[in-house]
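Next come the structures, one after another.
In the two complexes below, chain A is the common chain; its partner is chain B in one and chain C in the other.
== the complex of A and B ==
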């Protein structure tokens, strides 16, 4: 059960990363940093907003918006200048962003560990099959599939979603057809950043908000994206659940090798289906 | 005439004498004002800053006091800071630069045990004295000890044994643990259970948990602890990871069902952010300077805290006290050696000495150049303002629990055998 909730956090983070890669072809190493900023914004918002039951929910809405703005600034100010460069340059830039954002977070929030209390209504636990299960995870288990459903509706039932799917297949053709690809890139990057921010904001009450949380999530999200297939939305969902469950059960069944297990599965997927479970092979 | 000559000769003699004296004293006096330079390597970026910033504040506070009082041997002390990025190779690179280009007199620093051991190995190679000031592994001065390393803070052995001593007094027989799966986690668990069994032979181990360092989801371990049948468990998970563990374990009611002991949950870097979610009743070591009992036992503590707060704009941490003490311990060794020469300072260290700090006596033990400070164990409680604090502090001294010089000699011999 808790494995499922972990899978849900992972899904929110990795689907944004996968989406950004699918459209812009940029492997955004700073995606974990967006997750961290989302969590830190949550800390500040919960502190600043009045101590009422609704404050938590408002913060949960505002924190991803803040991260979305950060994503927009970065896309317009930096990434736009290097889309045509060597992919290696893009990697170096997004890697540099990890260090810059990490330092800015240290300057803005200081070195102390932070924590977001769970909303009072979700602080306890409920009984599931006779076992206690934290109520907050019930929220996560409910919210993430809703986000997934919303994403599906956006991708498959709106014109914007159609453009995004088209962009993942053939960007040049889309541009030739008169679509403003530059604007589409910005929108996708902002949207992907917001998802990472939501992941961070939602995870904040279950962990310590601290420097270094960017790196932890980046590695796992990257594995999720690779297993699911870079650019594939459904792939991210399935693979996030798989990885979440694997981490929980792996620990119980093979405690000594649970870390290796994750990467072993990634390696197998890469050998058998280099484009991931639901990804498309490069033409 | 003769009288004039007489006077002239005398005047000349005096002048010559003065000139000679000045010539002798002049450069020496100028030289003696040159600072004693200490290269300080620590993690001043990233996730360890929660510990190293207060530590540095304490260190600089002491350095200022020392220099305002005229320095040591008439020379001011100066720290030259370098960031190790929590990586042993970065630390050694910094050490090489400090010794090679900056020509520092001594090395100091470390928060990560891996970094401390790496600097120590380098210091041994280049015969430069290294003061490990902030990391806690016992290996520094024991298994891997040598004459060019001194440890100016607590080591794991002392505070884990103090905690085990408290554990032995509790009515629990069946024990479990959760420890991060790397050197420190293994070190704490092994020292804890060995000493507990020594004090209370009927203790049993019911269950073990080894999450990886930095694990964020602890639910499987929480479930396992709930089902372990243990009366109590000890955690050596620390910092952000332990905050996550506590927050995740609370809704399961783990702390009501199994008594919680922790190596680090009593420190403000964990208690403050946990706030209302703090594990009430947890037994933990910690530097509870705000505690009435502590302040009564150590009358100078309150004044020191006030001075620190004026500088740092917030309350001290254990690390802040270690930074403060480290600067004074280093200076005391130089003072006793009457020189900043490496060999003479090592001789002073190997003779051992004791110093009084606002929180009690710190012994610098000669045989292993290891600091032996007071140890405190308390219980997490809510204060009337609704903030979690460490209360009911019991104080023992490190020298009552620490491994003896003979045991240390055996450890060193065994480590030397292993290398062959």
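== the complex of A and C ==
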């Protein structure tokens, strides 16, 4: 069950990463940093907001908004300059962002680990199949299908979703039909950042909020996206749950090789279906 | 004043010089044909107008305003519609969604005559295919979808790059009639073609492009009456 919860956080991070790649063709290495900033913002917001039952939920809303703003500033201020450049330049820039954001977080929050208390209503545990199970994870698991459904509705039932799906195939043509693709890039980047921020904010009460959580989640989210297929929404969902479960069970059953196992599976997927489980081959 | 004018345009693809001092005018309501062999510069001319390959020097004047160097989406919003040679429908979107992404959302609500219903009247087959993915359509249906999609932006000038290319003769004939109805509705068109028979009834005036230069220009009637011109510039 906790594996599924981890899968949920991973899904939020990787679907945003996959979305950003699908539309802008930027592999955003700083995506894990957005997740970390989301968690740290949660720490501060829960501290700052008055000690009321609603505070946690307001923080859960505000933290992703803060990360979305950060994403917007980065897209408009930096990424716009390099869309037409060598992909290597883009990797170097987003890698540089990891270091910059990491340092800024260190300056702002200090080197000590932080924790976020779970909301009082969800601090206890429930029994599932006779096993105690933290109530907070029930929330996360309940939220997962809702978020997935909401995303599906956005992608497949709104005009904005149509524009995104069209942009993953042919950006130049979309522009030649009167769509302001540069603005769409910004919107997608902001939206993807907000998803990573939400992942971090939701995960904050279940982990130690620490420097270094950016790298951990980035590596795993990357594996998720590659297994699921870059740019595939359903692929990210299935593959995130898979990887989340694998990590939890892997650590229980064969702790020594669980990380290796992850990459072994990715390697197998890449050999059999280089475009991922549900991705599309590049034409 | 011409609705659209190219004035002394020089266009490059990277380092290669494609268009040389190319000028042409398009009056409101007329169908102007760009004829020429493969590689003559017809596609580059169309891409220069829409802004996908902006000219190095020279002007692209739309209703008196120089739009050279504008991003394609701005040129489109100023009233030029572009139907690309290779169709480029979105294969992962349904027919309805292909039309919807191209719908005019700009300008202060002065939507033109074209709605999804209107384009379905012109291309009835698309109504039947509305829920189907674009990638599952036949070549002819894709060509119709490409034109229908561009019409959704309610352009004043429609640029068509080799619309008859690669289509079966029967489909070409249907398409010719559909473009005839567009012309009758008063839409201004620039038609880049190799197929003289396809444009002979549609076109009002002809420009022949060769090696990136305009080599001949006259009315369609004069052009058709002079087989020498056709032999000199178009015969394979």
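Just so it is clear, the second predicted complex is superposed on the first by the 280 of 283 C-alpha atoms of A that agree within 3 Å, B and C clash if a C-alpha of one lies under 4 Å from a C-alpha of the other, contacts with A are read in each partner's own complex, and residues count from 1 in each chain.
By our rule, a contact is a pair of C-beta atoms (placed from the backbone, for glycine too) under 8 Å apart; a residue touches a chain by one contact, two chains touch by 3 or more.
Please read these numbers as outputs of a predicted model, since none were measured by experiment.
Visitor: In the superposed arrangement, does A:170 touch chain B (first), chain C (second), both or neither?
Guide: The answer is second: A:170 touches chain C but not chain B.
Visitor: In the overlay, work out which of chain B or chain C sits against more residues of chain A.
Guide: Looking at chain B versus chain C, the one contacting more residues of chain A is B.
Visitor: Would you check which partner chain A:90 touches, where first means chain B only, second means chain C only, and both and neither mean what they say?
Guide: Once the two structures are laid over each other on A, A:90 reaches no partner at all.
Visitor: Go through the superposed model and pick first if A:181 touches only chain B, second if only chain C, both, or neither.
Guide: It touches chain C, and chain B stays clear.
Visitor: Identify the partner contact of A:159: answer first if only chain B is touched, second if only chain C is, both if each is, neither if none is.
Guide: After superposing on A, A:159 lies in contact with chain C but is clear of chain B.
Visitor: Name the contact category of A:232: first (chain B only), second (chain C only), both, or neither.
Guide: A:232 contacts neither chain B nor chain C.
Visitor: Can you list the residues of chain A that meet both chain B and chain C?
Guide: none
Visitor: So in the complex, which bits of chain A are touching chain C?
Guide: Of all residues in chain A, those touching chain C are 159, 162-163, 165-166, 168-170, 172-182, 280.
Visitor: Which of the residues in chain A end up touching chain B in this complex?
Guide: So the residues of chain A in touch with chain B come to 2-3, 6, 102-103, 106, 111-115, 117-118, 123-125, 131-132, 134-136, 205-213, 216-217, 247-249, 251-252, 255, 259.
Visitor: Inside the complex, what are the residues of chain B that reach chain A?
Guide: 45-47, 49-50, 52-53, 210-212, 214, 216-217, 219-221, 223-224, 239-244, 247-248, 250-253, 269-270, 272-277
Visitor: Under the definition above, what is the set of chain C residues touching chain A in their complex?
Guide: For this pair, the touching residues of chain C are 50, 52, 71-73, 76-77, 82, 84, 88, 90-93, 97-98, 100-106, 149-150, 153.
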